[in-house]
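First chain written, first letter: the chains are A, B, C and D, and each begins at residue 1.
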Amino acid sequence: MAAPMEAYLLLSAALFCVGLFGVLTRRNALMFLISVELMLNAANINLVAFSLYHGNLTGQTFALFVIALAAAEVAIGLGIIMVLNRQYDDVDVTRAATMRW
Amino acid sequence: MTYQLAPWTAIAPMLVLVITAMVLYIVDSIYPEREHPQLLSGISVAGTVTAMAIAIWYLAAGTGQHGGEIVLFWDQLVVDGMALFFTVIFTAVASLVIVASYDYVRAQPHQGEYYSLLLLATTGMALMASANSLVMVFIALELASLPSYALVSYLKRNRGSVEAGLKYFLLGALSSTIFLYGISLVYVETGVLQLTAIAGTVGEIENVAILGFGVVLLILGFAFKTASVPFHFWAPEAYEGAPTPISAFISSASKAAGFVIAFRVLIEAFPYEVLLELGIDWVLMIQVIAVATMLLGNFAAAVQENVKRMLAYSSIGHAGYALIGLAALTNPGGTNDLVLAAAMMHLLVYGFMNTGAFLFVALGEHWGVGRTFEDYNGLATQAPIACVAVTVVLLSLAGLPVGGGFLSKYVLFMGAVSAGFWWLAAVGAVVSALSLFYYARLLKAIWIESPPSTRVVDEYPVGLYTAIVLAALLTVVLLPAFFAVAETAQIAAVDLFA
Amino acid sequence: MDAAFTYAPLIALFPLASFVIALAFGKYLPTRGALPGIVATGASLLVSVWVAAAVWQGHVHHEVLYTWIAGEDVVSLEFGILLDPLSALMLVVVSLISFLVHVFSLGYMNAEGETGLPRYYAELGLFSFSMLAFVYADNLLMAFIFFELVGVCSYLLIGFWFRDGAPASAQKKAFLVTRFGDYFFLIGVVGILATFGTTTFVGSEGFPQLAEAAIAGGETFWGIDASQWVTLLGLLVLGGVIGKSAQFPLHTWLPDAMEGPTTVSALIHAATMVAAGVYLVARMFGFYAVSPTALAIIAFVGAFTALFAATMGVVKDDIKQVLAYSTISQYGYMMLGLGVGGYVAAVFHLMNHAFFKALLFLGAGSVIVAMHHKQNMWEMGGLKEHLPVTYWTFLAGSLALAGIVPFSGFWSKDEVLFEALLLGAEAPIFIAAYAMALAAVFLTGFYTFRMVALTFHGEARTDDAATPHGVGWSIKFPLVVLGVLATVAGLINMKPVAVVADLDILYLETWLDAGFETTAYGTYTTLVTEVAGFSYADIGPLLPAIIALVLAVAGAALGYRTYAVAEPTEPVKRLGGAYDLVRANYYQDEFQVWLAEGFTARLARAADSFDQIVIDGTVNGISTVSLRAGSRVRRLQRGIVTNYAALMAASIVALLLLFAVYGGWF
Amino acid sequence: MLIEAMLLVTLVGALVVFASPNRYAGRLAFAISLLPLGISLWLYHRFEAVGNIFLGGDPAFETRAIWIDLQPYAIEWWVGVDGISLPLLVLATILATLAIVSAWTPIDERESQFYGLILILETGLIGVFVALDFILWFVFWEVVLIPMYLLIGIWGGPRRKYAAIKFFVYTNVASLAMFIGFVAIVFGLGDAVATFGMPEITAALHDGQLGALAGLDAATLKLAAFLAIFAGFAVKVPMVPVHTWLPDAHVEAPSPVSVLLAGVLLKMGTYALLRFNFTMFDDVAQQLAVPIAILAVISVIYGAMLALAQSDLKRIVAYSSISSMGYVILGLVAYTTYGVGGATFQMISHGLISGLMFMVVGVIYNQTHTRMVGDMAGLADRMPVVVGVFVAGAFAYMGLPLMSGFAAEFMIFYGAFESTVVPSAPLVTAVAMFGIVIVAGYLLWAMQQSLFGPFRLETDEPLGRAPIQDIAPLFVLLALIILLGVDPDIFVTMIQDAADPVAALGGDT
């Protein structure tokens, strides 16, 4: 085994945090979406890496499912962002804040 | 003598739902240019009612119950009392919502998509109820969620709808990644994803912290789906902005779906007695969440001016009640099955009550009465039947004995007390009284205030009326007939713990 | 059993029937209900006399008639009838006066064209019923019940002319003040019932007997020595007596009660309401006789009231007010008599007073009719010529009231004073009581003849007095009957004569010494001397009688001389400050008004403010605080999705940290 | 089955009335309400002594069936009556019928809703007095709130919204506290009971089967539960200091509703206290006899003092209800035959008397459109019959002998005086009895001001003759009050039969 398992964990955690940082700081809806995808892939890293570690294919298979679902999610998300753009002439997620309290 | 159906037929409700969705696509593509509201809603409601009937039949026949759960696809799916019970909730709520939607979306384009998305979401929920591994849980969750995002922003020319859809989607995507990350952490430690398999290995894991992180993230994922604190932020806006039948659907069925996976995953995969030993006291965490949810939902609901938003917050509050079902579990669990069953009963009755309440708002929107409490003044003089119905559901939501909500709420409190968590019940009691206050505000507007002279109610939409009256009627019937719900739920709960 | 006793319950039931008839059909009857009332009270009188005759023959009767509340394993509460010399005597007196008042009303009320007559006669019937039932009650609870009903009837009758403000106020005051006394009475009843398990007056199971036995046995109740406990209970019951018999300090209602029709005043003062209190003490005298403290308090309350009320009677202008204070004063004598152990003397005075006070009130009523409903004596004068029957009968009553031989009041009042003196000679403290009573004798004579002189003598001072209205037979007949009684009734117990001449003519004493052993005079005497420890000096009755007579005559003469002139003035006014003080009734009304309005009402308002601000404020405060909390909570939802994501992230970190630390994951 | 018939008739009747036209609703509701009244009188007629059903007596007219099989407990449909609940049942049906009649005049809008709600209210009231299973009982207990809220809210006075919501939420909070307290006991009993049947729970508690729950040992659990339950019922009674919803509710409620509120609803609280706190938890009640007795005395005196400060006739009667209910508590805590029996009889008696007072105030209001003492004077001149009833009712309230109030209060005083459970019982009783003076004070004052003296009316309403439907119920009530005052044994015999076992818990035979 080339690298210790902790490394994968740290990598995935780092990726997760990067994604989260993006979510918190980017106001552009697309960037938000991309950041979420990063976080998804952080989970995928875990799944794939530990699939190897545990010696079963469950994780890898699941990662494939996740990738497919992520695509579906993006499809829906882009649709919503499009109508957002149409309504607000912008893709700034903080603009759509009429409902509150 | 008795003819045994093949095991796969156990998922017949799901199959019916998904087939109906497909049929809708086909029908819609036959007439791409014209809308056929009667046809589309008719097909949809036929599908959901059939699915519901099958689920009820299975429940009555004892399919998958009393320890005889049916597992399919190499343990990925399980059909037991719990799955069927929740399938009934989802399909029943979906039926009411579809009936009501007939009037609501009649003038809208893309009705075929609307109904089929609704059915697919329902399918996803039914799948959630049957999911027996974290893989299936995640897939089913996404199947339920993705159509919901689209449905919330269905009114694409309505800013509120779009805003609601955006928030729902963004926070939903974020939550599902958090949930998925939780799954991955669990997998890191256990190397399996099938629920009972996790339970089998969870005792021998190496690193408690990673598993603990995983469990916390999973629970937060459930919190999103059930609209519980701290992942509730999307709910008020999504419920307020969405087309109202969809608000009803998400706040009733989708919430119940969140609970069913929470129940199954936490109880099946992470046995409390084992995790408590590891230092992962997830019941305590649920307790924190439950109390926060009850308090936040109800206190915020008490001060709303907008009726729909009040219902949204109250729906958060009800999630808090239902969380008692997990929060009052004990080790050793003398009355765990009672506690869990209580939450199931409450979710069922709540499905009808809450749907009824939201649909009443939909009716109000239909008449253009406005959004605030004052706008509903004196509606009883113009629409007495709908007002009686909403009175029934609101009082039942508040826990007064006009409907099953009374018994389910008190059985929940009873469950909490039975486990010794009287303080949980006490918090519930306090906010329940508060909830009476804000539900009564709507009643006051409807019954006590005098109507404005400008409002005209001259048309009585059949679909909405039918749905509201049905919801109210079912709520009432579930008071004397509560025994059926209670006994079924308890059987399911006992099985889950077995 | 004597046949009379079988019908005895009817004595009270007849007036009850007249109440029902007058209430239901009075409107349609020719006399608006007077006739049923007259018939009923007449019938009561006949049966009473019959019963008295039976008692005269030495029969007595005690029977439980009705079980009010049947206790299965506990005490049952019952109503019964007790006919013994005391009650038989009182039944005759009450029914007689009630009958005469009904007759008098024909002339006084009907002839004047009053409205609301059915109500009047109904209430009169109820009043008679209550009092008669009270008189023959066989237990304290039943006595209390009818005692209260008597109070209510007097409330209703005092307020008969409710359209005016004053009667409405007077009726309230009458009921409220007596109710205050009855509060203590009720505690006493409850206490006696709880202590002895019975409230029956007579027999070995009667509560006076049980009390005596308890004292003899040295028992304790609730940690209190039996004798003290009995004293306490006795004093509690006495509270009711003080209220009803208008003794100091609860006498203030009585003068106000003059706002009622004069007939009602006659009935209240002579035979019912006010008499009820003293009668009650006599009825349960065996209970008081074992408690020297209670007796002493009774005696002093009585003596003080006698004097105190007499001083106020001196300065009144209204003929009825004078009579009112004389009533208070006279009941004080009766209380004194009972308090010093002079049971016979007190009962004797009760009876005599009933006759002459009814007479005086009815006479006053006659005067008022004649005077076109004027009551101020200074507007009268010289009525003697116009109203001969009224005058002579009124004079007889006045002589009896003043205590001038041989009129009835002399004999009984003298006996009371004599008993007080006998006791006082041995126990000097009672001399004070005797002295007060003796002083009151002088004042009584004075104000009585001041009243007679101002009303009937001298010259007419107004046109009304010069041309009085004539009165009919229905007014004269009762006056004559009572006039005769007031004159001769005293002959039945002429103690000085009996002792000096050594004759066996103490008929009343003999009468009261018969009947049930436990309620006989002899038994009471034994109790007073042996258990209460009173001893009496051996003094001849003649000298005390002469002293009293001289004082009475002196007072009467002074009163007559001062006021029976052509143009009388008010010499008492020269007393200045003292006059003003007495004239204002020693400011007791002011004190009681302050107690009611200045103190109680203010306290009530304070309680109300407390309730509204503190208690209800807390309730509303909780709701306000909740809603404010709700407003805070909703501020969390700022509408910006990035914020939500941040809050979610923060909560993840918080929860992870919390549970990691709590669970010890690292 | 007769009990079910009563419940069903009122419930179905309510639906029928809801659907009926406004014009006939009042008459129809009256006709329907005669059925449960007839049945309750029939039950009274057929009743034979059964003892106390919480203490081993066999419920009369019992039906029992499993309703919800909630492992490990069964929730049952279990109804039946004994000598305590039957008189209250009769009271409820009588007052409901009379309240309906007395509403004919004042209620002139949305009649079918009004009478429908009254009938639902009656269903709840009947249910509370007959249910023996806790959950079933609790259903009826809570049902009552709903029609009451709407009745006050829709047909009430100017501040009706405030009063209605206050009533609604306040009493609901109380119910919740009580519920939690009670189920804690049920679970604390563990395997000792298998149902929510209150008699069985009582028996198990008396057997000392209570175990620990939630880290509380049996004694602490019992005490805590007792306090929660007591607080819950005290609100309903109401006792000082949780009484402030009552004056508001009464003042704003239309008079027929006040009749039921004071006449029956408050009795739910005392009835429940008797059944739960004083029967099930007799040992705790006796431990806490001193504070309970003090609260009772405070309720009596303080309530009466508050009544003294009011000038609204309804408010006066409302506060004096607090005072009268204080006597009930005093009688209960005495644990003597006369104390408990008297308390129960006082529930009946006060139901009739306060019903009468609210009704008569309502009749005056119908004519004068005011209830303020200062707005009127000398009404006796214009409405002699009504005023006559008022005076009679007021004296009944003051405890005039030969009217039911005296019998009840005397029983309570006697029972309390000889109590061995309350220390210094004579003193406590004597202090409480001072209420009879204050009650006379404010009622006499109110009567003097408003009924007597020269006629004056600030509202300048033309005073018509009160219609017969207003007057008739007054006389029915007055007749009942006098009848029960002259012959209390009409109810007291059966009450004693059921109250004796309770008194025996306090060591009294």
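As a convention for this text, a contact is a pair of C-beta atoms (placed from the backbone, for glycine too) under 8 Å apart; a residue touches a chain by one contact, two chains touch by 3 or more.
Since this is a predicted model, take the numbers as computed values, not measurements.
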For subunit A and subunit C, chains touching each: B
Result of counting contacting C-beta pairs for B-C and C-D, higher pair: C-D
Innermost chain, taking as reference the mean of every protein Cα atom displayed: D
Distance from subunit D to subunit C - Cα centre to Cα centre, in angstrom: 37
Subunit B and subunit C: spacing of chain centres that average the CA atoms, whole Å: 77
Approximate Å spacing (C-alpha centroids) for the pair subunit B, subunit D: 41
Geometric centre distance via CA averages, subunit B-subunit A, whole Å: 26
Per-residue overlap in subunit B, given as positions that touch at least 2 other chains: 166-167, 170, 174, 178, 236-237, 434, 437
Residue numbers of subunit C (touch at least two other chains): 623, 634, 637, 639, 641, 645
Touching two or more other chains - residues of subunit D: 169
Inter-chain touch pairs (all): A-B, A-C, B-C, B-D, C-D
Complex interface listing, subunit C residues touching subunit B: 623, 626-627, 629-631, 633-634, 636-637, 639, 641, 644-645, 647-648, 651-652, 655-656, 659-660, 662-666
Complex interface listing, subunit D residues touching subunit B: 66-72, 75, 135, 138-140, 142-143, 145-146, 149-150, 153-154, 160-161, 164-165, 168-169, 172-173, 176-177, 179-180, 183-184, 187, 213-215
Subunit B-facing residues of subunit A, complex: 9, 12, 16, 19, 23, 29, 32-33, 36, 39-40, 42-47, 50-51, 53-56, 58-59, 61-62, 65-66, 69, 72-73, 76-77, 79-81, 83-84, 86-88, 93, 96-100
Subunit C contact footprint on subunit D (complex, rising order): 166, 169-170, 240-241, 243-245, 302, 305-306, 308-310, 337-338, 378, 380-381, 391, 395, 398, 400-402, 406-407, 410-411, 413-414, 417-418, 424-426, 429-430, 433-434, 436-437, 440-441, 444-445, 447-448, 451-455, 487-489, 492-493, 496-497, 500, 509
Residue ranges of subunit B touching subunit C (in the complex, touch as defined): 166-167, 170-171, 174-175, 178, 208-209, 212-213, 216-217, 220, 230-231, 233-234, 236-237, 278-281, 284-285, 288, 295-296, 299-304, 313, 434, 437
